[in-house]
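Two complexes, one shared chain (chain A), two partners (chain B, chain C).
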Partner chain A sequence: MIGFILKRLLYTIVVMFIASVAIFYALRVAPGDPVNAILNPTAMEQARAALRARLGLDLPIWEQYFVYVKHIFQGDTGESLLTGKTIPHVLATYGLRSLVLAGTALLIAYAIAIPLGVLAAVRRNSIWDQAAMFFANLGMGIPSFWLALLLILLFGATLHWLPIEGSGDLRHLILPASVLSVESLAVTMRLMRSSMLEQLGQDYVRTLRAKGVRGRRIIWVHVVRNALIPIISLTGLRIGWLIGYAVIVETVFRWPGLGYELVDSVIRRDYPVAQGLSLLLTLAVLSANFLANMAYAVVDPRLRKG
Partner chain B sequence: MTSQGSPEFENLVGALEQNLISRRQFVSRAAALGLSLPAISGILASPGVAARSRRTGRAAASAPRVGGTLREGYDLDFSRMDPINTSWYDPGFFALYEALITLDPKAKFVPQLAQSWSVSADGKTWTFKIRKGAKFQSGAPLTAASIAAVYNAIVNPKSGSPQIAMWAPVIKSVATGPTTLQIHLKHPYANLPNVVATGYSRIVNMAVRSKLGATDYGKKVIDGSGPFRFVDWVPGDHVSVKRWDAYPGSITPFFKNKGKAYLDGINWRYIQEAASRALAIENGELDALHGPAPQDIGRLKGNSNMVVTQLGEESVWFMGLNFDRMEFGDVRVRQAVSHAIDRDAIVKKLVFGYGTPAFGPLPTSDPTYYKNVEQFNQFDPAKSKALMSAAGWTAGSDGILAKGGNKFSFELAVTNESFSTQLASVLQAALKDIGMDVKVNAYDRATHFSKLGSGVDSFTFKYLWPNPYDVYIVLTASSAIPIPNWEHAKIPALDAAHAKFQSARTPAQLLAASRNGQMVGAEQLPFVPIFTPSNVWVNTKKVHGYLPLPWNLYPYYNDVWLET
Partner chain C sequence: MWRRLAANRLVLLGTVITVVIVTLGILAPWISPDDYAKQDLLSSLEPPLSKGHLLGTDQLGRDTLSRILHGIRLSIFVGFVITAISLFFGGLLGLAAGYYRGKVDTAISAVIDIFWGFPLILVAVLLVGALGPGLLALMLAVGLINWAGFARVMRGEVLALREREFVEAARALGINDLRIMWRHVLPHAVPATLVLGSYYVALAIIFEAGFSFIGMGVQPPNPSLGQMIGEARNYMLVDSWLMTIPGVTIAVLVIALNLLGDGLRDIFDPRLKDN
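Moving on, here comes the complex of A and B:
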């Protein structure tokens, strides 16, 4: 088992190293210069050269990389070239907003999908079931950026009910969280329906009915509880998926979360922030894979040998 | 029973007239005095009571109220707030900092930190008398020495100040006493007031700036002398400030409020999407706004809750043609490009009439604009074709001009913002009509300016500067090749015109030099001027004391207050 863990750990470290080189190199060879985001476009070349030297951007790329890695090992992840805020500060500020957005979206999705999934299963093949599945298919198929534009047009431009970009009060959260929730809502509704149908065919349901337990009690106390198990298992995966998917939604609604900040930092060539956030996402994926591998290995001893 | 003529009754009516009691209180007290309801209604409706009540009501509404946070939307992202070294100065600079002098609503220079000034007989020494009692938000005194330190930092070529070229005639700034500042010049320089009045010359506490370092100051810490203190800056999102309660007050004559600010704070919000800006103020998310989308201005003007202020803007959208590429060094080719552009149509179609065509290098709204430039650059495609023919270019079978086997095909680099790309498409179509094949490439801003620095065939750019002739020099002087003279313009007559402007001794000489430079620029075309957009400010009617001026670029916030 220890050998397996070490092997997987080594694999993770190697992939992380390759990713860090790729991200570092890609950002620097892309056209554009962070100096242009810091100085006035009309600033003289002397000032540009002085700033490049101060930021270490005049060094060869490999040297810049080693300086960066050295700082990382010293616990210094760098700071934004634009704002001077440290990467942990950026992560905390923007990450919190992403979590709020993803959490709200998940809440909306579950609050609607679970009751509708139950209804669709209980009234199988009824108009309720068909309508719920129709909307589930629509939700899975509709591109989020397009839905976002439609909602902006309706609730922002036409009805003037809701703000269409930025953050501030709860009203700013409604449209992005709704758009972000749609896909999860659709997937959860379908999963809930199939899970409910599976549970409804189980022996314990027949037993409960034979014992004279009322239908609603069987559904809401016994069946739903068991049917929720796959939904709960999926929640962990969905949070990760939502944060990734939020990049599009955050960009369209200019919701200042991690996704928005990542895109913005790349556009502005704010190298430390772009690197920090990209590496964090890479690390998150690799860590999730590592933990999943560990979990599989615990469950299935055959994997420990491979 | 009390009669209507009794002293109690007269006192009650008096209290109502002076707004000491509400109309509801009046009704209940009058009833208690035994007056009938029809009699009370009659008193309330009587012209005297109603008029006096309305008058006092208006007076109450026009008395400035302390409190509230102004929420102002803005169409450009905010920059690091270091006047000496910033990518651009924003509205926050007018709340956080003060300048030596500023411009009033009549475009006249008036005191701000300097209470008076004079020029020596030889025109080479300017003496400014600095007001007493000025201080920085940190509590440090603001003296003539503080101002001299800022100006001496700006003239360092490594400072990053976009004003370096404008400070070129300055030898040094010296404080000869706590309230006396002298600026010594190489030669007379009548333009100096324009230079010291911009946002880039606002006064920062150099001790604080030096301690933090030139690249870190203005990110998290700011020490100016304006009526507001810095709270935070989030690029791409907002800037916040709060009232500085120890503000010593202003001596600027056109400010009605000479004391501390009325507002508790200001929050400027960047709204990238043009279409979202008007919606934000209509939806009650903002109190004021700069730069709504042109197609929304008419709707905002029709909104009875909004005040729309439409001013000329000290800006020009232009097309830069690289003198080292595609024979753009030949003035006939540049003129051919210029005559192919239908500026009136661009203003009408692209900005819905909210703008003016530009035929010379300066915007029509600038006080020094010289109308004679309009004899140049009129829309005339036939003239364009003739000019290209004279330059040896003939149309091939595909309609594209060619010479010696080379086609007239070039890149137009623009930023990927929606207006830039729309304008590029119009230019592309216009130039195709005279046989030029234009390939439009849209880049993000960081890439765009890197490309300009390394050289592109052509590009578009909008300058925005309080004294446009200054930036005209910056963008076209041959000494500024390759940055920011991105078009690599080398026009000796223009260099001479600029030198004359920079050594003008009197305002009259300055105006004459400006006119000369405008005429040379309109004819020789260091860049091809296209148009100037309108400078549109919107505020809700509950915002008072809000006075945007074109030559200051942004409003001051000393007088601004919010009605509840």
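Moving on, here comes the complex of A and C:
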């Protein structure tokens, strides 16, 4: 188990390193100059060159990278070129908002999908089952940003029940979290249903029936518990997916989270912020994958050697 | 295969809708009633079924039906082309890794794992930053990540296949590796990759739409379904048709592709039925 963890840890470090180089390079080969965003457009060329030299932007890219890494190891993580906020502060603020959004979406998805998946499997081919699968197909097909606009139109513009953009109190969270949860809800419901069907066909279910255990008890105490295993082991991947996909949902609702800010900082060439947020996003997804692998290993001891 | 696809009504529906939409997309330049970029400010924001415009017009008076058809064409191009390319490279690497095992496998698997670890959205945002917004950055991003999915599936299939008797027999007969891979292993591994492929086409289409929606994908005046929704957002309260039509189009196309994928999976891998 320890070997397994070490191996995954090494993998995470390697990917983070490659990611940091790729991110650094991708941002700097792009046309555009952060100096233009900071200085007045009429600033003289000397002033531009001086600022560029102060920010270290006149060095070759690989040298800039080494300076960047050196500073990080010296504990100087830098600050936003545009707002002057320190990077840890930026990461904590936006990262936390994204985490709240993704976490709420996951809660909504599981709270609805798991009971419905159980119901669909137990009443297989009933009207419940068919309705649940119909909505699952719908949920996987509707583009989230379009659903977002429909909900904005309904709850924001027509009914005036909910705020349609920004963040603040809990009411701001309802629409973005619901929209973000839909795809996960549909996928989880399908997975729970098929996992339940697989478990219902197992021998132990027949044995319990033969022993005279009540049907409802078999389902909720025995079958559901086993059927939850694949859901639990896929939760890590789900979280990673939610954090990544939140970029689009955050943009629609102007939810100032990691994704929204990342797009903004890339467009405005705020290198330190874009680098920090990119690495945070990569780390979040890698950690989620790591958790998923750990969960697999816990559930299935055969994988621990891997 | 066709008879089995037709056996399930939902799958049949998905297949028929996919074929119809793909055909419409391919034929778009010839069947569009109008030029998709032609503006006519005197007849802007016309509702559907208005004179000369079956699906109405947008804020610049451009014919919605023509834009939708060209948008479908673009979605299909992105979805199928990028999936085909990543399937080709991913499949090839997965085949080599699974067949040769050992060092080849270790090396290829390491590369697969690294690409697999990257969030697609991040790759796309960075590429858009580096190359500028547009189709190229978007397709590169999807391709760079999705090949790893195909490689994983292919590798898994081939690892199991190479131990089967018929492969052993071929090896015992002295047939060379390339021929065994091409003639005996690959055909058995195609179904699983094809199933994944049908889902990946749907994912790529949704992704293109999402990215064009936030303005980082296809640029005007080229029509993309996602970008049409993005533009329609500003006219949401005046004319909600404008955002409804492309939205429904994407949803129908993606749902049809997913149903087709479910059908293919049931045919090729009956073990996974009801998944």
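Criterion: the second predicted complex is superposed on the first by the 219 of 306 C-alpha atoms of A that agree within 3 Å, B and C clash if a C-alpha of one lies under 4 Å from a C-alpha of the other, contacts with A are read in each partner's own complex, and residues count from 1 in each chain.
The rule is simple: a residue touches a chain if its C-beta (ideal position, glycine included) is under 8 Å from a C-beta of that chain, and two chains touch if they have at least 3 such contacts.
Computed from a predicted structure; not experimentally measured.
Q: Which of the two partners, first being chain B and second being chain C, lies in contact with A:I23: first, second, both, or neither?
A: So A:I23 only meets chain C here.
Q: Figure out whether A:T235 sits in contact with chain B (first) or chain C (second), or with both, or with neither.
A: A:T235: touches no partner chain.
Q: Mind working out whether A:N226 is in touch with chain B, chain C, both or neither, as first, second, both or neither?
A: In the superposition, A:N226 contacts neither chain B nor chain C.
Q: Is A:N293 in contact with chain B, with chain C, with both, or with neither (first, second, both, neither)?
A: neither
Q: First (chain B), second (chain C), both or neither: which does A:I248 touch?
A: It touches chain C, and chain B stays clear.
Q: Determine, under the contact definition given at the top, whether A:V14 touches first (chain B), second (chain C), both, or neither.
A: A:V14 contacts chain C only, not chain B.
Q: Taking the superposition as given, does A:I267 touch the first partner, chain B, the second, chain C, both, or neither?
A: It touches chain B and chain C both.
Q: Looking at A:T86, would you say it contacts chain B, chain C, both, or neither? Reply first, second, both or neither.
A: neither
Q: Starting from the residues of chain A touching chain B, keep only those that also touch chain C in the other complex, and list them.
A: Residues 30-31, 157, 267, which sit in both footprints.
Q: Can you tell me which positions in chain A touch chain C when the two form their complex?
A: Those in contact with chain C are residues 11, 14-15, 18-19, 22-23, 26-27, 29-31, 137-138, 140-146, 149-150, 152-153, 157, 190-191, 193-194, 197, 240, 243-245, 247-248, 251-252, 259, 262-263, 266-267, 274, 278, 281-282, 285-286, 289.
Q: Within the complex, which stretch of chain A touches chain B?
A: My answer: residues 30-34, 36-48, 50-51, 54-55, 82-85, 156-157, 160-168, 254, 256, 260, 264, 267-269.
Q: Could you list, by residue number, the parts of chain B that touch chain A in their complex?
A: 80, 85-88, 157-162, 164, 215-216, 219-220, 233-237, 269, 271-273, 275-276, 279-280, 282-283, 285, 443-447, 449-453, 461, 471, 474-475, 480, 482-484
Q: Sort out for me which residues of chain C touch chain A in the complex.
A: 113-114, 117-122, 125-132, 202, 206, 209-211, 213-214, 216, 226, 229, 233, 236-237, 240, 243, 247, 250-252, 254-255, 258-259, 274-275
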